[in-house]
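In order of appearance the chains are A, B and C, and numbering begins at 1 in each one.
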Amino acid sequence: MEKNKKTPSSTHNPYVPFFAQIREVGQQTATVKHFRVELPKGNVPKNFIPGQFYQISLPGVGEVPISVSDYDPTNNTLLFCIAKTGVVTTQIHTLQKGDYLGLRGPYGNGFPMEQFQGKHLVLVAGGIGLVPLRSVIEDYFRHQDQYGELEILFGARNSQEIIYREEMKQWRLMKNTTCKITIDKHEKGWDGNVGFVCNLVDKTYCDCSEVLFHHLSPEKNNTVILIVGPPVMFQSILDNLSKMQFPDDSVYVSLENHMKCGIGKCGHCNCGSKYVCQDGPIFSWNELKTLVKEY
Amino acid sequence: MRKRLKINNLHAFLQEIQKQGSLIAPVKTNTEEREFMPVEKISQVALEGSNPLRSPKEYLFPQMETMYQYHIQKEGKATIKETLHQEPQIIIGIRPCDLHALSYAKEFYSTTHKDVYILERWKHTTLIGWACQTPLNTCFCTSLGDSPVDSKCADIMMAKTDQFYILEVLTAKGKDLVETVGSLLEDSPDADDDIIPTIRRQTEAMIREKVDLLSIKGRIDSAYSSSIWKKYSDTCIACGACTFNCPTCTCFDTADQLETCQDGCRYRTWDTCQNYAFTLHASGHNPRGTREDRLRQRVMHKYHYSVEQLGLFSCTGCGRCTRSCPVNIDMVSIIKDIKEVVSHGEE
Amino acid sequence: MKKQIEQNVHQLLTEIWKPGDLLIAWKKASLPGHRIPAFIYHKEEIQETVFDSFCDISLAKYLNEQNRQEILPNSFQGTIHVVCKPCDAKSVMQTFADQQISEDLVSLIVVACDGVVNRKKIENQIEQSIVSITETDYQMIGTDIAGKEHAFEKREVWLDKCADTSHCELPYYFGYYFVGEEKEHRRRVKNLYRTHKKLPQDTLPPADLQKMIHQELSRCIRCNACRNICPACFCSDQCVFDKPKEPVKLLDNHVTTENNILYHMIRFHHVAPNCTGCGECERACPKDIPLHIFYEYFNRCMEEEFGYKAGKTNDERQKLLSYNLGEDLV
């Protein structure tokens, strides 16, 4: 162990987490839980941008990057939706209300919401991809007068994996908002859309020979499409949008990547000359095209 | 300010500066190789000769470093104690290729979110450079536009002639150190002005080859899709020995370790982009799953991505990658092929 | 004599190589004394291959499944010709026995070898930038940048394994080509064979042995060069030490002497059944850790306990991983 002098460093240490208390825990699906945590006064983000993430730390276990589903400035709480996939997330799932989580952040660039003002938003989510998009949805409802219409297209593998069921019921009731869900394959008792979410995009937007996006007129450029999901999914959507000659500065994608430090130092999320944790995880389609091909 | 130190006063000089902090210098080890190590016996210090295989980066960025210790209380909240290293140290005998590497690393760790651990060590470290007179056939610093006598971020720059050493003092830290050994040093007259340029000319003439990378700086991305990478990756065994000895490789991995059920630490260790698991996603997808991808990543990062990020090559031509490689891959061959592809288009 | 053998190898290769085949051999790299593996798909390049005392790298590594998949083009249908020294040939045999590659795909060419030099030994002694290294029958002559010549007896600078010619035994296998005088080679192996080699395990008392092992392995930087170059280590990307999701703390990256010892002990146990003693691990180590004290000892145990030596034939199942019905349980 190294000796430790008493003089603290004058620079803030970005590797050391602060602790936030869990105020609410809820089960979304069999493997997904949501946690609402309250930020201590000194750690309220100056300017939270939807799409950003925090590094959640459990001392003794490890650290994982998790997107923020919602930041509520009225009570300084963050909402995280976490899927149980590995060692750390499994441990997080055992936590109760009143327990603490270590946090570092917010990191990442987030969606450029100021560029979406006055435009219609189309959010396309594959599975757990709806989690970061929810922060966009919440921001939309807080400032609805600044934006056009909102369309949410959500694809889940099966009906068991649909998250935010209660919230979606609320969203459908809001004005200027539509919400469509699809599952991959037919299921007993399901009478909604079936098929990949990219087909939902096609069916709604690409197949019709009339105006493709009913509130889009390509010359006016007043729609923005945000896509979060596995690469296979967004690649397929981008291919179709490309055929439609949809402008590539109006489509945004969130890239998932293996991250460790969250601050652009450890090199794990390095992608060409960009660090997904700093220059991303949100990239516009024209930026995505310049990123190295391995991604 | 420039000073002279007589040849036979070197040991006395080292003994004096050792009082100011932990002295790290190239020392002769049991296996006859020289390595940067904390000096125990002054007589073991061997400043002259070729650059040691292991770079001095580990004294600013250790292979394994505890970042903080924690004591877990009830409900999972933990009290955290940072473990910053603030002991003074002096590193001597650093060749300009390593000085260049250290200044790149400092710049890298100072962007946006500053890496406090390294910057804190840096604050308490005095760097004494050494003008290089014995390059190996694997050295290629001149290809990157550097010279074997650049003082870069050194606090003091040393050079040797037959009768004496000269010490060029470059920073306040260097001046403070030199003042503690005042009596051993003499002033250096104007006649000494030519020493370092002469060493530069002589050493540069000994460097095997110069590949002009400066003329293609910023354009190397056009080599991304070429067949160069497969040519070398067929041979490469992705061991990562090159990255461990490379003075500009800065990647690391973090992990937690519990000593008891309540006390533990978060530590970091060097990690290598040549490892399969480096970019392995939780979903099982791996964007750099083949050795070709990983070799390309390493070389492109050194010669292009770091140029896009910081405007600097992150290779300094020290040649340690070539020296460490168990299958004899020569970095100079790779950059020659890159130059060929970029200058003339794909073959 | 060396030149003759190289010519003989070229002649043989030119006869047996067909369009669509791959040849893995050595060729000169740009630095003096460096030889690099060559992957040859065109007949005219065969003449570029070399065979001399600098051909240190074992080419058997490139035959295992993972490497092969990454090296071979998707459309490859031909034969892989591999040029080997006798010590490497054993690794190729073991690769067959481990079912990493079917022997139908491989044509093995074993070349009579009288030792390979340890380039590091020459470089450390010359210290200056080396301009050229040439070899005569018994000497290596290095010329430095100042023009000074340094001569070394080959036996002073060869790899440690070359001093024990039991490593040069030819495999019991009928499917390979041999280039050189076979009788002469077998005589050399027999006459220069050292019946016992003293390892620290034989000479040091236990407390000193432990101290020595601690001292050597404290220098390990966990670069994984030994693991990655080992022809017997075919887990490749699935290596137990690289599993990032497994919460087994003993296998983490904490670089301490204890963890290093654990790493090496686990690795040597894993490869004990198929280690042929090729010594690549020791050659690859950037810290010059004498890994032979481990693998020679493990191999000796395998021979004494099980009467088994890896790499002799192409089909013997690994002793520690297989059993015969009716065999006594250990």
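One rule holds in what follows: a residue touches a chain if its C-beta (ideal position, glycine included) is under 8 Å from a C-beta of that chain, and two chains touch if they have at least 3 such contacts.
For clarity, every value in this text was computed on a predicted model and none was experimentally measured.
Asks: Find the chain most remote from subunit B, comparing centres computed as mean CA coordinates.
Replies: Relative to subunit B, the chain whose C-alpha centre sits farthest away is A.
Asks: Looking at mean CA positions, which chain is nearest the middle of everything shown?
Replies: Minimum centroid-to-centroid distance belongs to B.
Asks: Measure off the straight-line distance from the CA centroid of subunit A to the CA centroid of subunit C, and report it in whole Å.
Replies: 50
Asks: Just curious, how far off is subunit C from subunit B if you go by their C-alpha centres, in Å?
Replies: 31
Asks: How many Å are there between the centre of subunit A and the centre of subunit B, using C-alpha atoms for each centre?
Replies: Each chain's C-alpha centroid was found; their separation is 39 Å.
Asks: Which residues belonging to subunit B are in contact with no fewer than two other chains?
Replies: In subunit B, 253, 255, 258, 271, 280, 282 touch at least two other chains.
Asks: If a residue has to touch 2 or more other chains to count, which residues of subunit A qualify?
Replies: Within subunit A, the residues that touch at least two other chains are 86.
Asks: Indicate the residues of subunit C shared as contacts by at least two other chains.
Replies: Those would be 245.
Asks: Quick check on the complex: what are the subunit C residues that touch subunit B?
Replies: The touching residues are 29-32, 34-37, 39, 57, 61-62, 67, 70-71, 123-124, 127-131, 145, 221, 223-225, 227-229, 236-237, 242-245, 249, 252-256, 280, 283-284, 286, 288.
Asks: Which residues of subunit A touch subunit B once you look at their complex with the stated criterion?
Replies: Result: residues 1-5, 7-9, 11-17, 19, 21, 58-63, 85-86, 95, 98-102, 230-231, 256-258, 260-261, 263-268, 270-273, 278, 292-295 of subunit A touch subunit B.
Asks: Contact residues on subunit B for subunit C in the complex?
Replies: Residues in contact with subunit C: 31-33, 49-50, 53-54, 63-64, 134-139, 206, 208, 233-235, 237-241, 244-245, 253, 255, 257-258, 267, 269, 271-272, 275-277, 280, 282, 289-292, 322, 324, 326-330, 332-333.
Asks: Under the touch definition given earlier, write down the residues of subunit B that touch subunit A in their complex.
Replies: Residues 65-70, 72, 75-78, 80-87, 108-109, 111-117, 119-120, 224-225, 250-256, 258, 261, 264, 266, 268, 271, 273, 278-283, 285, 287-288, 293, 297, 300-301, 304-306, 308-309 of subunit B touch subunit A in their complex.
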